[in-house]
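Two complexes follow with chain A in common, the first pairing it with chain B and the second with chain C.
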Partner chain A sequence: MHLVVCAKQIPDPETPPSAFKIDPQKNEVIPAPGIAPVLSQFDGIAAEAALRIKEKAGDTKVTVISMGAESAQQAIKQVLAMGADEGVLLNDPAFEKGDPHTTATVLAAAIKKLGHVDAVFCGRQAADWDWGEVGILIAEHMNWPVAIIAKGVELQDGKFRVQRVLEDGFQTVDVPMPSVITVSNEFGEPRYPKLQQIMQAARKTVTSWKSGDLGVDAGAVGAAGARLKLERLYIPEKEGKAEIMDAETPADQAKQLVEKLKAAKIL
Partner chain B sequence: MPRNVLVVGELSEGAPTSTTIELVGAGSRLAGGGTVAVTLLGNGAAAAAAATFPAGATKAFTSDDANYDQFRSDQWLAAVESAFGLASPDLVLMAQSLVGRELAPRLAFRHNTAAAMDCVHLADDGGTLKVTRPVYGGNALATFSFATSPAVATVRAKSQDPIEPKAGASGETAELPAAGEARAAIIGREKVEAEGLQLQDAPVVVSGGRGLGSPDGFKLVEELAAAIGKDKAAVGASRAACDLGWYPPSQQVGLTGKVVTPDLYIAVAISGASQHMAGCSGSKTIIAINKDPEANIFKSARFGIVGDYRQVLPPLIAAIKAAR
Partner chain C sequence: MGLSALGLYGCTQMSTGEELVRESFFNNVAPPGAVYLFLAALVGLLVYGFVRHASLWMIGKPHDQPILREIPHRLRNALRLGLAQDKVRRDRYAGIMHWCIFSSIVVLTLVTAQVAINDDGPVKFLKGDYLLFFRFYGDLFGLIGLVGVGMAMNRRYFQDHARIRWDERPEDHLIIGGLGLVLLTGFFVQTFRITVELFPDHVSWARWSFVAYGLAEFVRIFDFTEGQILFAHKLSWWTHVVLAFSWLGLIVFTRLDHLFFAPVNAFFLRTDSPGRLSRIENIEEREIFGVGYIQDFTWKQLFELDACVRCGRCTDVCPANLAGQPLSPMHLIQDLKGHLANVGPLVQRAGHEHGDARAASPLTMVGEVIRDETLWACRTCYACVQECPVMIEHVPTIVDMRRFLVMDEARIPATAQQALENLETRGHPWRGTSLERTSWMEGLGEVPIFDGSQEYLYWVGCSGALVERNLPITRAVFKLLRESGASFGVLGQEETCNGDPARRLGNEYLYQILADQLVQTFKSKRVQRVITNCPHCFNTFKNEYPQFDGRFEVLHHTQFLHGAVRSGALRPTHRVDASLTYHDSCYLGRVNGVYDAPRQLLEMMPGASLTEMRRSMSKGLCCGAGGGNMWQEEIGERRVNHVRTQEAVATGAQQVISNCPFCIQMFEDGVPAVQPEEDGRLRPFDVAELLERAVFGPDGGAAQPAAAAARGDRG
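Here is the complex of A and B:
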């Protein structure tokens, strides 16, 4: 089998709000000093899902692809260290500042170029723009079925049996091969690579493809092809500070709070 | 310029969901005299249509086929496609739900356009539709316009006000085809919802976080909710607490959990990460109980107690019981 993992590098979503800054002229996030970009959380979990299938099924290749800056090599190496076999970086100025549609166009072109693929694993959403669209759009490009927000995936009789997270519980669905599966945090933690694996991954070469290699029209991707136009990016005003109960003991603070709530007609 | 709007409605026990009513209201504000069509699929759809006209719909496209009761995106997409043909929409609205999350990108793809997900604000800016959505885990807001038409948007529950009901309003109806094939087969369904009051309906939500230190901590949180009233308060949790297996994921509040907008939200041992606040910042009043005076949660809270929840909750439970 050949499984593909789509992995994006993003600004660390755990950046403290005080260090999170926006350049209002460029409508861009200013990288927080000293905080390195990371592999988007859900994509590490998507890699874990693919690797568990590889281990069970045997004779399976896992390819990780990332569209992004040169630094996205890091995200690719991280998934290689986890156990993926090959990495592809899609790096081209023409790909920049796109939207989910242009991202999926580039990724789908790369997946087609990879040849035979049995499944694509994505995160449920990239933890920067939180769209939750690219996996679904890749499926549309390929004309494959998609199962989104998975918490479990198993190969069963040539199909994927996927456990999905719903608003009020879970659902089990069977999707045929090939298909796209997007993975959620309920799946569990991704593995920690061993030092030796990290060193091996560091030595692996990552293939690099540009728009010409993929045969995508540079005018149809990135900012030029984006169908969603970013008008404004801003940090919403946060209201002031909480009124902290200042009584001496926890018991008195509790009473003080209940008095306040009664006075404000909240209780 | 009038705008034709198509709302992909959803049913709950044979009635349009409250979000459907909100979307129809938002649609009628944005239509500027255009039509506001709504699709309703599944058991009871035809009868449910009547409830959408006072809410602002001018047309309802329905299919009573019970095969639509469980959402299968291939089947729903085909039905929405036929409604699309009848409505010629300039704008398609869906809930940020199981349905909208999957259907919006697929519908947009098929019409060479784009979907903006999880919008909290929809506005007509001199004839141009602009949608605003939280990004970067709720740290920022981003406003987008569409370079292509129609615009497709999923909308966060409770972010739109319904319109003042138009008593006696009626509209056109048309029937959509019965469900066709679906490539994914549903094998099983497991409900793991808390008993009694649901999170999104509760006027009070009491949530616990990783700072509880163990699943046992939720017992005190549940006691606090019970003291406020079993018919009033539901219990939620942060993702950290859910990921640790301390509380069911169905009770997770936040960006990737549920969005709640209660009158009162009590956060116990929760740090107030932006991704958590994304699910509760619409609450009327937030109370935070946290041992760290610098915790981010105190920036959004109206009242706070700085202290160990183990010492704060028992007297708080007693004081609330005494006050009732």
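Here is the complex of A and C:
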């Protein structure tokens, strides 16, 4: 079996609010000094899902691909240390500043170039922009079925039995191969790599593909191909107001509070 | 061993002319030389026991310290800790009891040897006045030995001392009872001999054997014939000899072996700071990183297992154990000892192969013999190491097994894993902090950045910069440093974790990366002197960075501030008016021996009155956060910080003062649990916060951030 994990490197979501700055002119996040980008947490979980299948099924190769800057090697190495076999970095200025659609175009081209693939595992969304679309759009490009927001994935009789998280419960579906599965945080924590594996991952070379290698039209990807346009990026101003319920007894205070909440249409 | 002082060789004296001499082989109790057969058997048994043990120790790896260097220092340890039993005396009752038994055995052994030399050697020296003195101290130490045995029996059978029951075995009764009988029968032999000798007129010199003489006078009351007495003498002689040699034989089969192992282990004791864990050399080239199999311990660690006497002092002071959490250092050592005895011989035969060791044991060492949660419950507080009377170093052994869990098996509690991942990606262990490393500087005016021109680097540390509660401490230290006129600077954004939490959690690889990096940073900035906020940073820089070629002069802030107040650079003139109790953090106190500076500092503040807790100084109890437990869920009946907070509350003090950001956090968490009522709650502060109040007054001048602000922040 050949499984592919898509991994994205994102600005650290734990950047302290005071260090998070944007450039309003360019509509861009200014990278916080001294704060290194990290692997999107959902993608780590997607890798965990693929690796568990590999452990059970045996004779399985897991390839991790990432579209991004040279620094995204770090995210790939992290998944390699967890136990993935190979890593591919899709690094080309032409890929930059796209939208979920162009990203999926590039990733799908890379998946096709990898040859036979039985399943693609993505995080349910990237933890920076939270679109939650790329996995679905890869399936669209590949013309494969997709199961999103999985909390459990198991291989059963040549199919994936996927437990999906719904708003008010769970759903179990069977997905044939090949397919795309996006994995949610309910799946569980990604594993902590053994030191042996970290060392092995450090020695592995990550393949690097550019638009030419993938045969994608540079005009159809990245900023050139993007159909979504970012109008304005800004940090919302936070405002806090406190009103003290002024009444004799706690019971009266509660009454007042209920009235206020009703008036504000919260209750 | 009390053999002949008590008549083993039959010590009769005959008055020949002027001088008293000993008559050998009184009563012809045994053919000459019979005793040497017993002695030969005993020596053979001891050699056999030693070889059997030693062959098991040899399956271990080399020790990381050259054992034959610093011999004078090591000999001093062997004398002070082995012979003089400094640590045994930390429990007074047991100390006296043990000294009685120990001194009795040593002196009576010497007495026996003298008799043997006198009887079978060329020179007869047991005569005249020395003979009288010899008889006197022989009896005296026989009596002292019996007092020791009595105290031991009292503790074991009447006081119902808890520790004794933790791992009581049949051999324990045999050891005490046996020794009592050996000493008693020794007295009997002498008694019967003196009884016979009293018939002629030798009373005056016989009185020097004051115990046996007294007994003899008693025996004389009954009208036994001389034949009966001589028979009783012979009978008690044989009983005594057989018992004494059998008892000595117990050395090979029971914990009596500590007679040899304890002083030798004191000789083996680490000569560097206990706060320094071993460095794994060439870590990138290794295949196995921690200790998951018995043969991966060093021979010294295996030797230690055999030295354990199950006294339970370690478990008695272990914070995890006190809180009902799954760690007892004594049982850990005993379980490893049992495992060594079970699998050791098989490993030995299998030629040190890992696979074979596994196959040899039905249980895996780390995980089954020693459970994961046992290893994670350790606070690395060194209370066990401090108390151990046979100088076992439990903490490095526990961390070695954690190294196996983390690096070889990647088996870590989820919250500890998050702390480690945070260290890897963000260079600090505080996941989810919304603070920056410079947040504490707000409102303090210009904060000098260290550029090599200043004398001191003020090292704030992750906890001092990124945990809300600790910012007032950091600010207080900063303001006091500035006020003292010291030349110093900080690194601000350039600070990264020095690796201590990673090392103590068992991720030596991550530790080495962080330590290497920081040593380089320090060197490139020409850092020579460091003042740390936190005792853990203090210990790491002071004791562990020399392993990475980083040698700096390191002071904890309490040490620097103590000096500044004494020199008059800081003047604590405002009254603080508070009753205080002082909590020693493990890594400033027990591990690095800094007990006095912070206390003296508190005493120099007007209006401060200090009450000590039940456990303090070297017996102080950990706050619960050590050894990476700051970032773990506690498993067990209670939380360690609740136990310690309870002890602080029990002093009746208004404030508990510490010197460590972790301890302060643990008290802040513990107080509401122990004192649900808000009024009159114990308030935790750092020494520096209190000094800030004493130097700058209750409002602290500009930008007063201390107590009130901290409370407000915490909501």
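Everything that follows uses one rule, which is that the second predicted complex is superposed on the first by the 239 of 267 C-alpha atoms of A that agree within 3 Å, B and C clash if a C-alpha of one lies under 4 Å from a C-alpha of the other, contacts with A are read in each partner's own complex, and residues count from 1 in each chain.
Keep in mind that, in the parts below, contacts are C-beta pairs under 8 Å (C-beta built on N, C-alpha and C of every residue); 3 or more make two chains touch, one makes a residue touch a chain.
The structure displayed is predicted, hence computed values, not measured ones.
Colleague: Which of the two, chain B or chain C, is in touch with more residues of chain A?
Modeller: Tallying touched residues of chain A, the top partner is B.
Colleague: With the two complexes superposed on chain A, say which partner A:K238 touches: chain B (first), chain C (second), both, or neither.
Modeller: It touches chain B, and chain C stays clear.
Colleague: Regarding the shared-chain residue A:P17, is it in contact with chain B (first), chain C (second), both, or neither?
Modeller: Touch partners of A:P17: chain B and chain C.
Colleague: First (chain B), second (chain C), both or neither: which does A:P193 touch?
Modeller: In the superposition, A:P193 touches chain C alone.
Colleague: Once the shared chain is lined up, is A:V38 touching chain B (first), chain C (second), both, or neither of them?
Modeller: A:V38: touches chain C, not chain B.
Colleague: From the superposed pair, tell me which chain A residues show up as contacts to chain B and also as contacts to chain C.
Modeller: 14, 16-17
Colleague: Can you check the complex and tell me which residues of chain A touch chain C?
Modeller: 12, 14, 16-19, 33-36, 38, 189, 191-196, 198-199
Colleague: Would you pull the chain B residues touching chain A in the complex into a rising list?
Modeller: Contact set of chain B toward chain A: 73-74, 97-98, 101-102, 104-106, 108-110, 113-118, 130, 133-137, 139-148, 183-193, 228, 239, 242-243, 249-250, 255-256, 258, 263-264, 273-275, 285, 287-288, 293, 296, 298-308, 311-312, 315-316, 318-320, 322-323.
Colleague: Taking the complex as given, what residues does chain C use to touch chain A?
Modeller: Residue list for chain C touching chain A: 284, 287, 289, 406-410, 412, 414, 417, 420-421, 425-426, 431-436, 439, 493-494, 509.
Colleague: Quick check: in the complex, which residue numbers of chain A touch chain B?
Modeller: 11, 13-17, 20, 22, 29, 99-101, 124-125, 127-133, 136-137, 140-141, 145-149, 151, 161, 165-176, 184-186, 226-236, 238-245, 250-251, 253-255, 257-258, 260-262, 264, 266-267
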